[in-house]
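Next up: the structures, one after another.
The following pair of complexes shares a single chain, subunit A, combined with subunit B in the former and subunit C in the latter.
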Partner chain A sequence: MSDLLVIGAGLSGLMAAYTAVKAGMRVTIAAKGLGSMHWGAGTIDVLGYTATQPELPVKRPLEQIQSLIQQNPQHPYALLTNEHIAQTLATFVALSKDIGVPYGGATNPGDNVLLPSPAGAARPTYLAPKAQLAGDLSRSEPMLIVGFEGMRDFYPELIAENLTHLGYPARAAFLPLKLITNRRDSNTVQLAQGLDNKEQRALLAAALRKIVRPGERIGLPAILGMDAHITFLAELERETNSPVFEIPTLPPSVPGVRLYKAFRGHLQSLGVRLTAGLEVISTQTTAPNGVPGAVQWVESATSARPLKLRADKFLLATGGILGGGFNSDVNGRVWETIFNLPLTIPQERADWFNPGFLNPQGHPVFKGGVKVNASFQPIGANDQPLYANLWAAGNLLAHSDGIQERSVEGTAVATGVAAAQALSG
Partner chain B sequence: MHTKSWHSVGPSLDECIKCNICTSYCPVAAVTDLFPGPKYVGPQAQRFRENGQPQTPDHSVDYCSGCRVCNEVCPTGVKIAELNARARAQIVSEKGIPLRNRLLGRNEMLGKLGHIVPGLANFGLHNSFSRVMAEKVMGIARQAPLPHWSTDGSFGDWFKKTQAQRLKSDKKVVYYHGCATMYYEPFIGKATVAVFEHNGYEVLVPPQNCCGLPMLSNGEFGAAADYHQNNINKLLVYAQAGLDIVGTSTSCTLTLKEEAPELLDMDSDNAKAITNATWDIFEWLRERHELGELKTDFRQMNMVLPYHAPCQYRAHRVGKPAMDIMALIPGIDIRESHARCCGIAGTYGYKKEKYQIAMDVGAELFDFVADQGGDVEMTACDSETCRWQLEHGTDLPSRHPVEILAAAYGLYDLEKRQLL
Partner chain C sequence: MNRIQTEVLVIGGGATGTGVAWDAALRGLKVVLVERRDLTHGTSGRYHGLLHSGGRYAVKDSHGAAECIAENQILRVTHAHCIEDTSGFFVVLPEDEGEYPDKFKAGCEAVGIPCVEIPVAEALRREPLLNPRISRVFEVPDGSSDSFLAAHATAQAARNAGAQILTYHEVTSLIMVGGESDRRVAGAVVHNVVTGEDTEIHADMTVNAAGAWTGKLAAMAGIEITIMPSKGTMVAMNHRLVNTVVNRCKSPSDGDIIVPSHTVCVIGTTSINVPEPEPLRIEPWEVKKMLEEGDKMVPGFAQARVLRAWAGVRPLFQDTYTSGKGRDVTRKLALLDHKEREGVAGFLTITGGKWTTFRLMAEATVDDICRHLGTERPCTTATTPVPGAEQGHYWVGHRLHEIEEKHLQSELVCECELVTRTMIENAARRNPLLTLDDLRRDVRLGKGPCQGGFCTYRATGILHEMKKAGSWEVNMSDDASSAAKWEVAYLQSPGHNLVSDADSHEDNGRAANTADSFNPNLLLRDFLQERWKGVTPILWGRQLKQERLDELIYMSLMNVDHLPDKELSSPVTEFYLFDTTPTAEEVADV
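Up next, the complex of A and B:
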């Protein structure tokens, strides 16, 4: 039997599992499917924008968190000290290096770095894969944005034009798609896997060498190899004599897949069993009656009878409304899918949204979630933990709007690590 | 709160958020662009497959191997593989089924025929002239790892012959052996009976039919429904008596439990009784172990054993119970494969146009085995066609985990594949 069952295989679940296994616990992860790491840009956004200055990217996120907390004292970041958040991020960076997908940040430590988005906007993030860092918009070299004719989901002219408009000089160029693949149709992951091939890599490097001008840096869609990625990046920079960077694409996100695969492999080597395809459909708990109850087991659907998943402790890391931690019906009722924990989300559809799709204040439906105490235990109306052996982390936590704040991954890393520290301490 | 999954096959497509995770993990789309990927042929094309549609919009769905990696990784629970299986059945009902696929679907009939004079049947099938002809005339790949009929009798023959020696006990279990154990690999059945009896169970082997899976995967839903109904008729009395029906072929047990009733919309109480009574052998053994009932008087087994859980376990959604149990054996060094699929996918890799795809898919697994070093003498996998493919791709013998377990109990010779 496991000491800890983590439900969910997103960034918060994996960080929690990593922290717990390092603390000596026997850890199992059960997930309905693979999650949000495959959709995002592969960056670790800690805090990108605040409601008070919605047009201005946050410069120093860890410092700015203090004013965020003043505005929003119940924000999940408020459960941690600044030093603690910084420690969890340092844990992530060290881990990323250990598992071969190194992350880094701005040249000036503590700053956000502005990177080109796939729409050619300047996107603030705190940590990015090494392959994205030469896109740092504070650097002065003009950019050559290279796409592939016929590749869906990446438009170099759009990116170059928008970047130039923002004051970051860039021009676009196209290469033929058949330079990198013989397939009729490919998604980004398949293109990246194709570029693990050495000959294909050499062809691309030679073609880039012909079109790059001295002093330029080269931006490419994030498909520069899957397993051979780090080698390939070095090859390209050497062959073109120019800095090379990746720009995230529409999903599936190759940078996210690289991180997930390396992280999962590392956890497996540490003895963590991760099983996807397990959808938890029921729970067995002792009834809370003034005092906290306990989770005895959860059950997942199988081809026949439910499978009991037992553990001493349980950590819920199923994500928010996109990750699958919540579900809703047409009338506006929103519920937490596994334990039916109380949510701060409005239960009337009319109360879900503020006026305006891109309202700088965000929308109540995205800000709501599971309330936890300082030890990351879900709490009820009386602020007491509902179950003595249940913890929660990540984007299902109440009082943050990760997409609005650009804090999705920062919240996942910080609360994933901290919740696991709380439960293993 | 949900007490059961709210998804059923058809409506589940509305859960698709177009994230493409399925296509990114699909082992078939990774090696050929004849298959554009689960998202396109599944939830995407499904919107154009309404009833009464004169023609199916997409024939590339035939290149889906049914490995269900897509179902496993889907974050929202779309039953992609099942959508694809139904789409294939729609194509078969429109265009008819090739003789080859009809033949490959008829495991039980082929087993029975070959069993009459197995030596001759083996010679007839396995000489190189026949294989070339079978490829030219029917499209069965000449290199594909087809099985050999057992030349020392079927499992049924042995079970009948040894009736007097069989354990009698109050604890009884029904054994669903499947066609491969019956006609090709009776030693799997013998090892299984030995493991059951060692744990104090009397083994009942009632008459039974092919589970129908080969027909389901080749789109012959009508014939598959007949087979499933026959099995319900033959096994129901045991299910109603509260006996467990335990199988050693992960694909047969999956079909009895879920694939047949779900794909064929057979949701009678009788079908449900069969679902609830059926267990895969290691799922059942793990349950015994959790209840403290499994004997663990194992011998030391000094071996490095690469183990590949077959795709059907992914669909069973019970984790990897064979690993859980084999891990109890002292001395055994199990190397867990994380390869997505061996490629064979039932009868998929037997087909001429799919043979190379199957080998390319399996390369991930073959490379994993090769990486485990020179101490490896055999591999293990629960599913028969996967074992044959593993042997074909690695040149190493492959064993069912129940053979490993029987050997660990000191009841079975792993090399000769016979009871001691």
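Up next, the complex of A and C:
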């Protein structure tokens, strides 16, 4: 029996579990998949663009959040003060150092940093793995973007051309893929694992030393080791005598996997029980009329038979449509899959989309979600909590489109920590 | 203005137009074909994919049924690799019982369509997902056809016989000569939509094979012909829920055929009169209706994952407007000799018909051309296989088999559809492209469950590398003699695209400008929007989740909405931007 059962092992679920276990609770995490960390850039985007100025990257996200909230008073960030958001991010940064995947930000504290995207665009982010930070586009050294011939998830020519076009000088170079692997069909995670090997690392360093020009910094796909990446990065910088940085690739995301693995290991060492591959499929609740009900247990599908998971408190962090927390059907119904919590998503397909894939206003279907009160408890029509022992955090919260705003991870960290503080307080 | 002189000018790069070019070139005529976009941009790329046995027309239109079975047997030889020999069932559901099934059997017999009633148990063994409540099953030689590959193969056969195929060339006016009493079409002015250049093509005979647009072309010659555009919507499911074509054994109506096609199966269609051949909207009720009808034949169909929806227009030809619901107006081929009809010489219109009968339509057309040119040359298309036919029929495991046999796993750029890097490189070189959509038609790029989520970026990166390496320009010679070297037939075959064929030469009119106008960011944006356009009508459940993942990749990770060159557009950008999201009124109608 746990004090807290966290459903979902994305960034918000992990941050909530961390906060709760630090507060002395016994915590279990049940998760179906691996969360969107495995698909993204591995950075902590707090706020990158706003609907009022979709073309301009946000310069100072924490300050800009104030005007975001003025436009959208129900935004999840509005549940926290600025100082509180800053604290949660500081918690994350400290944790990242402890667990060996250190994160950092712009030279000027509080600014977003612009980093090269795998398409060669400048992506604004607030915190990035240390391994990406030398890609900071405000630095003046020209970039040498190095790829591997035949690697299907990374295109240095495209990156270099677009960066140059945007005013950030860059050139591209290729190394043979066989320098780092014998298997041409390796995915990014396998390539990274291969580069944990010392000899392979030495070969790559030697090859890079030959092609880099003095004064350049080197950008490589984010595959520079899985467990040994910090050491490897230092080796490469020493051997090439140049700053070296990673650029994220198509999924699976090595930076995301590194963070997840280290985070999970750390939580387990703190006594958190984490079972992946456990899909919660149903729940037993009491719901007396008018008064908040209570969650008694949730049931998960295991290979053999359903497993009842009991806890005093439950935290839902299943991540909305992308995470699998919501499902939808042809009739325009969108529902939360475990507790059937009310959603702010329009229940009419005609109201789901704006025209165009890359519409700067986003799509309403992706903006809605679970409404919570100031202590992160899901609420019903009368604004009262639906269950006395249920909380929610992360990208399933209503009134924000994390992908459009580039706030997916910032929302996860801030609300994950804050919800756990609320429920353990 | 550039000037080209030819004997025959064919307008339209669909099944019919490519068929006419092939036939005429085989008969030794000098041919130029022009198409305003890519081959199969029109109805031929938006049809249902059924190689008709004729069964569908056996009761009401025995003439059409007879044409189908004859052509079915011919195409199985001439275009073998474009056809999957799936066979076809006509199934009798409880609500379809009555006189129709016996009439159907008799109708098939009357025109010579092999039709065998098989035990229900056998049908269920072969197609376990079929509705177990069916009472009778008839088996006929239906098949599944790939019009994209077929158009390429037919066009290549035409090129090999000397024809010139110009894609992205739009006819903007016809060249009219003569006075009131001896009017004649002497060719056309075509506009290269990529370079903006105009060319005068002078021809002895001009063939209007513009599908649903034939009326517009005829109007350029001052001729009024009534084409009633009738829209049909199709919905592709994520899996092959059936491996046999399944037809309802009843009077043809909406959503009564399921065709297995490559890795998916497609249900269709609706039939709705529309004022114009484009743009076409897919309405929510159409999708819903398709799923409901599919569920009757295959219970559970409506719950399966939906991949995509598209719509095409039947160019139904009517000499005079009568009442006419779409399905009752003739779908027979109509060859209009405008000299006889309106006194305009040098101009033929060929319309109506089916994909299955395109070869026959071409034969009739070129017979008439020869008559007008005063020459007698027999048609040979019925016995002349196009390049690639020697591979035999398509079968669904063929790509996987070749990938495994040749160990090409590492080369895969599109894991869903098993497209290798070399397939993309060769397709791009030999059939240079304006958009990734062209590659989608060529090699099925982006047609799988992720609808371009991974391969859009990869294909863009690969093409950009080719451009940088200059390996694209290599082929920019007009050495026509080597055109035959390229076997377009193997376009879709991973096992035949093992080496990147950097010195192939292809002059199809686009080559000369593709690499110059290439912009990777535009390519990315256009294709993302193209894929979006065809999924909005079916976005819910797992496909909605998939779309959100694609957003994460292209916005959060790649930031493609903030790449340079935002102001650039291609000649097709606007087409892709056509808004396909369902409207409130449409949803309310359901």
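The rule is short, and it goes like this: the second predicted complex is superposed on the first by the 420 of 425 C-alpha atoms of A that agree within 3 Å, B and C clash if a C-alpha of one lies under 4 Å from a C-alpha of the other, contacts with A are read in each partner's own complex, and residues count from 1 in each chain.
In the analysis below, a residue touches a chain if its C-beta (ideal position, glycine included) is under 8 Å from a C-beta of that chain, and two chains touch if they have at least 3 such contacts.
All values derive from a computational prediction rather than experimental measurement.
Student: Could you look at A:Gly324 and tell me whether it touches subunit B, subunit C, both or neither (first, second, both, neither)?
Tutor: It touches subunit B and subunit C both.
Student: For the three-chain arrangement built by superposition, which of subunit B and subunit C touches the greater number of subunit A residues?
Tutor: C
Student: Once the shared chain is lined up, is A:Trp39 touching subunit B (first), subunit C (second), both, or neither of them?
Tutor: both
Student: Report for A:Pro251: first if it touches subunit B alone, second if subunit C alone, otherwise both or neither.
Tutor: Both partners.
Student: Which partner does A:Val189 contact after superposing on A: first (subunit B), second (subunit C), both, neither?
Tutor: Touch partner of A:Val189: subunit B, not subunit C.
Student: Between subunit B and subunit C, whom does A:Thr285 touch in the aligned arrangement: first, second, both, or neither?
Tutor: neither
Student: Quick check on the superposed pair: does A:Asn354 touch subunit B, subunit C, both, or neither? Answer first, second, both or neither.
Tutor: In the superposed model, A:Asn354 contacts subunit C only, not subunit B.
Student: Pick one for A:Asn197: touches subunit B only (first), subunit C only (second), both, or neither.
Tutor: neither
Student: Subunit A residues touched by both subunit B and subunit C?
Tutor: Subunit A residues touching both partners: 36, 39, 183-185, 251, 324.
Student: What does subunit B use to touch subunit A in their complex?
Tutor: The touching residues are 1-5, 19-21, 23-25, 29-30, 33, 36-37, 71-77, 254, 257-259, 275-276, 278-279, 314-320, 336, 338.
Student: In their shared complex, at which residues does subunit C touch subunit A?
Tutor: 284, 287-288, 291, 302, 409-413, 421, 454, 457-458, 460-462, 464-465, 468, 520-521, 524-525, 528-529, 531-532, 536, 539-541, 544-545, 548-549, 551-565, 577, 579, 581-584, 586-588
Student: Any idea which subunit A residues touch subunit B in the complex?
Tutor: Against subunit B, the touching part of subunit A is residues 32-36, 38-39, 183-187, 189-190, 193, 251-252, 257, 265, 268, 273, 275-279, 281-283, 300-305, 307, 323-324, 335, 337, 340.
Student: Would you pull the subunit A residues touching subunit C in the complex into a rising list?
Tutor: 36, 39-41, 45, 54-55, 57, 117-123, 150, 152-155, 157-158, 161-162, 165-166, 172, 183-185, 248, 250-251, 253, 321-322, 324, 327-330, 332, 348-358, 360, 365-366, 403-404, 406, 408
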